[in-house]
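Two complexes are shown next, each including chain A; its partner changes from chain B in the first to chain C in the second.
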Partner chain A sequence: MSTAALIVTLGSIVLGALLALMMIPVLVWLERRIAGLIQDRVGPNRTNILGFRLGGVVQSFADVIKLVFKEEYYPGHIKTGRWLYIIAPAITFSAALLAFMVIPFADTVQFGGESLRIQPLPVDYGVLWYLAIGALGMIGIFFGGWLSHNKYSLLGTQRAGSMGLSYELPLGLAVVSMMLTYNTIDFNEMVRWQSGTVLGVVPAWGILVQPLAFIIFVVAIFAETNRAPFNVVEGESEIISGHMTEFSAMKFALYFMGEYIAMNSASAVVITMFLGGYQLPWLSTEMLNIHFGIVALALMAVLPLFLFVIIRWMRRNNSVRTTVSTDGGRDFETKVLTYALIGMGVVLELILGCFVFFGGGGTGTAIAVILLQIAVFVFKLMCFNIFFIVVRWTLPRFRFDQVQTLGWHYLLPLSLLNIFVTAIVIVGVGL
Partner chain B sequence: MIEQGIFWILTLFLVGGSLGMITSRHSVFASANFMLAMIALSGIFALLNQSFLFLAQILVAVGAVITLALLVIVSVNIHQRYTPDEPNMRRWLAGVSLLVLPFFVLLINTAGKMPISFKDVPAEFGTVRGVGATLFSDWVLPFELVSILLLVAMLAAIIISRRGGDHDA
Partner chain C sequence: MKIKVVKRYGTAFKDRLYIPAIIEGLKITAKHLFKNVNDIKSVDVLEYPEEQPRDISERYRGLHRLTHREDGSVRCVACFMCATACPSSCIFIEAVERTDGIDEKMPERFAIDLLECVFCGYCVEACPCDAIRMDTGIFSVIGSKREDFVMEKEQLLAQTGSFGDTFSRCHNAGEKQDD
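The block that comes next holds the complex of A and B.
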């Protein structure tokens, strides 16, 4: 194994772990702030370290510290099988975390004759891995819910099980129609397929090639991740917290974090299969490698504008009402962050300027293209995560029988129909 | 050397999980042990570089079979009075075990005479394309027959559960 391969492998693993784990506090924060936005209130914005609030994201870290130091509580009626009760949340958590690890963050690169995947687990059967490992998460819910010996937990577990099973079918069938379209089960090949265009104008993203499969897949993935409007598993007004009712401290936190990681993985799979993955529309990796100078110039032009908007938005919002005399260090935070953002912008402009005026050479351009694609991937990931959150705070919860009707009576026949139509079209094109 | 170590650990889990499955008193622990055994088995497939078998094993055995079994366990409330009366079960078990002991000797003998080295498989063996092509060319009739068998079993289960409708009117 060469040095380049080692660096790329380690870098991908670290990036995958960071994107999965560090996304949890950010997503929890976004959830609360967007809920606040939609309900016309502010949301958490007081917790700070030396005056630094970062818009309230510090609150999530405070929550983590609270959960770690909270008392471990075991219901007294759990006699046998406490070991299984303890590892059940860990099963759900690790299944969600492992399912994320097959997402490509950038296109495969060639370094010294080796082709290296920018993917934490460099395998070429990503779709199967996601379906297989993602399904393991349900096992943890079953064990935890059953061993709690609690009526609400049992009800939640039954709901989770029957809903998971009925939505696994449309999910798998939508994936099958996408496999037929792309003729591969490799996530990276899927993204490369989407870098082309349809009719010479429209980017060949999965959402435009297979809109029905996209709708089925997104609805099914909302149900699989137990997110609203399908959160009947933990319908607070009906069954307290479902399978999590008897769990406390870090065991509860593992279920909770597992849910957010599952949502993050689901967004990553949706953008990889349907929204072009790490690709910029109309710009395939080969084109980026050849014309990186022009792209860098365009980025140089956009970056100051982007920073200007962010800094103005921050200066306007990171302040207290005029009637409050103390600002609690908000002015200081705004000042420091403004300088930090301007400094970052200047450094990025200098680096991009080097690419524009001197050219990066083969290796330099390749690395720059990887970083650009990772940035595009993270941007799309955040957008889809925000879509998840906005849907949760917009739609009311379905009743359980409505959930089952939607799954069996509408989504399953639709996905079967979609497979037939896809197969006929593919055979027709091949003739 | 590392491969052998992993192999022995996986085997330990496989045998231990299987034993735990049949000796557990409660069905939830039995299915937990079954899951352990199945994951160890898929690990052995992964050790042989058979990625498709590895994932199919997890997808089918863990994702489908154990999930369904657990759904039945959490949905059905089994009381002692519904289970069949088995007064001399341990005695029966011991007697049947003694009866099949000669076959066990036969099994050990057969396993001892197996060749140590095997031919290398072709490159297409065990990949998704390879399995799919074999399944839908050489084995298409057995494949379809198995699906018809499963369909018949499913219909039978639905009809039987519909007929005895005295407790769920």
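The block that comes next holds the complex of A and C.
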């Protein structure tokens, strides 16, 4: 194994772990802030470190510290299978984490004759891995809920089981239709397929090629991740907290964080399969490599504008009302963050400027293209995560029988029909 | 018998598709989200510890107080009406004979356990001499132990009303009537 391969592998593993784990506090914070803003409230914005609130994201870290130091309580009535009860949250957590690890963050690169995947687990059967490992998370819910010896937990587990069963089918069938379209089970190949165009102008994203499969897949993935409007598994108003009822402290936190990682993985899969993954529309990796000078020039033009908008927004919103007498360090924080953003912008401009003046080609451009694609990936990931959150605070929860009806009576026939039509088109057109 | 037929919604094809309704809902939430992200200060909430409530009116049931007579002595005649009306039995009165000739009876001890109190205001309604009121406008009482929340007669007498009225409006028998 060459040095380049080692660096790329380690880099992707670190990036994958960071994207999955560091996204949790951000997502928890975003969930609470967006919920507040949608309901015309403010949300958590008070916690700070040395006066730095960062919009309140510090709150999530404070919550984690609280959960770590909480009392570990083991219900005394659990006599059998106690060890399984204790590791059940870890199963859900690690399944969700591992499912994320087959997502390509950038296109495969060629270094010294080797082709290296920017993927924490460099496998070429990513779709199957995601379906298999992602569904394993259900096992942790079964163990935890069943071994709790609690009727609410058992009801939640039963709901999770039947819902998983009824939504794995449309999910898998939607994936099958995408496999037929892309003619591969490799996530990276899927993204490469989507870098082309349809009819010459429209980017060949999965959502435009297969809109019905997109809808089915997104609905099924919402159900798979137990997010609203399909969060009947928790159903606070009916069964307290479902399988999590008997869990406390870090055991509960693992379930909780596992849910957010599962949501993050689901977003990653959706954007990889349907929204062009790490690709910018109309710009394939080859085009980026050849014409990186032009892309860098465009980025140089856009970056100051972007920073100007961000800083103006921050200066307007990161301050206290005039009716509140104490400033609490808002002005200082805004000033420091403004300088930090401007400094970052200047450094980026200089780097991009080098590419514009000294031209593209070579290893430097390849690395720059990888970083650009990672940035695009993270941006799309955040956008879809926010969509997940906004949907949760828009729709009320389905009743359990409605969930089943939707799954079996509508999604399953629709996904079968979609496969049928896809197959006919593929045979007819002879792709 | 007249039967009113209630029209059922949600059976039309458009409703059963779910998607148009979901998009409508998302539009509404996204509108609120973007409006508030763009201008967080327009969100009409109270930055609580710094901003205090602005809507405490004369009718607000806050911390109790005992009113005074014009000469500054306690108005209460220890009739036990409030303690009887109290649904949570949190008023403790020990009566004593009044020897200064102003009235016949007065409380030796008048205590309210705020941890038991449900702030229903029945004591104020029950009082025949306007001796107990809840017009202090105080909505948060802080203490470090349970005993701190038992308000004794002296503490209740020391509170002043937030809306003028220092003295009781009531006139018992034996006092000079205005009209």
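Annotations for the structure displayed:
The rule we apply is simple: the second predicted complex is superposed on the first by the 428 of 431 C-alpha atoms of A that agree within 3 Å, B and C clash if a C-alpha of one lies under 4 Å from a C-alpha of the other, contacts with A are read in each partner's own complex, and residues count from 1 in each chain.
We take it that contacts are C-beta pairs under 8 Å (C-beta built on N, C-alpha and C of every residue); 3 or more make two chains touch, one makes a residue touch a chain.
All values reported here derive from a predicted model rather than from experimental measurement.
Annotation for the three-chain superposition on chain A: chain B and chain C fit side by side. When the two complexes are overlaid on their common chain A, residue A:N317 makes contact with chain C while staying clear of chain B.
By the touch criterion defined above, A:M138 lies against chain B but remains apart from chain C after alignment on the C-alpha atoms of chain A.
By the touch criterion stated above, A:F61 is placed in contact with neither chain B nor chain C. Using C-alpha centres, the superposed arrangement gives chain A a vertex angle toward chain B and chain C of 110 degrees, stated as a multiple of 10. Using the contact criterion defined above for the overlaid structures, shared-chain residue A:F52 touches neither chain B nor chain C, since it reaches no partner. By the touch criterion defined above, A:W408 reaches neither chain B nor chain C. Legend: residue contacts after superposition of the two complexes on their common chain; A:S162 is shown touching chain B, with no touch to chain C. For the three-chain overlay built from the shared chain A, the minimum Cα spacing from chain B to chain C equals 29 Å. On chain A, the surface touched by chain B in one complex and the surface touched by chain C in the other have no residue in common. Those residues of chain A that touch chain C in the complex are listed here as 34, 37-42, 215, 313, 316-317, 319-321, 323-326, 390-391, 393-395. Residues of chain C that touch chain A in their complex: 19, 22, 25-26, 28-30, 32-33, 36-41, 43-45, 47, 50-51. Those residues of chain B lying in contact with chain A across their complex are 26, 28-29, 32, 35, 51-52, 55-56, 58-59, 62-64, 66-68, 70-71, 73-75, 128. Those residues of chain A that touch chain B in the shared complex are 80-81, 84, 123, 125, 128-129, 131-133, 135-136, 138-139, 142-143, 145-147, 154, 157-158, 161-162, 164-165, 168, 185.
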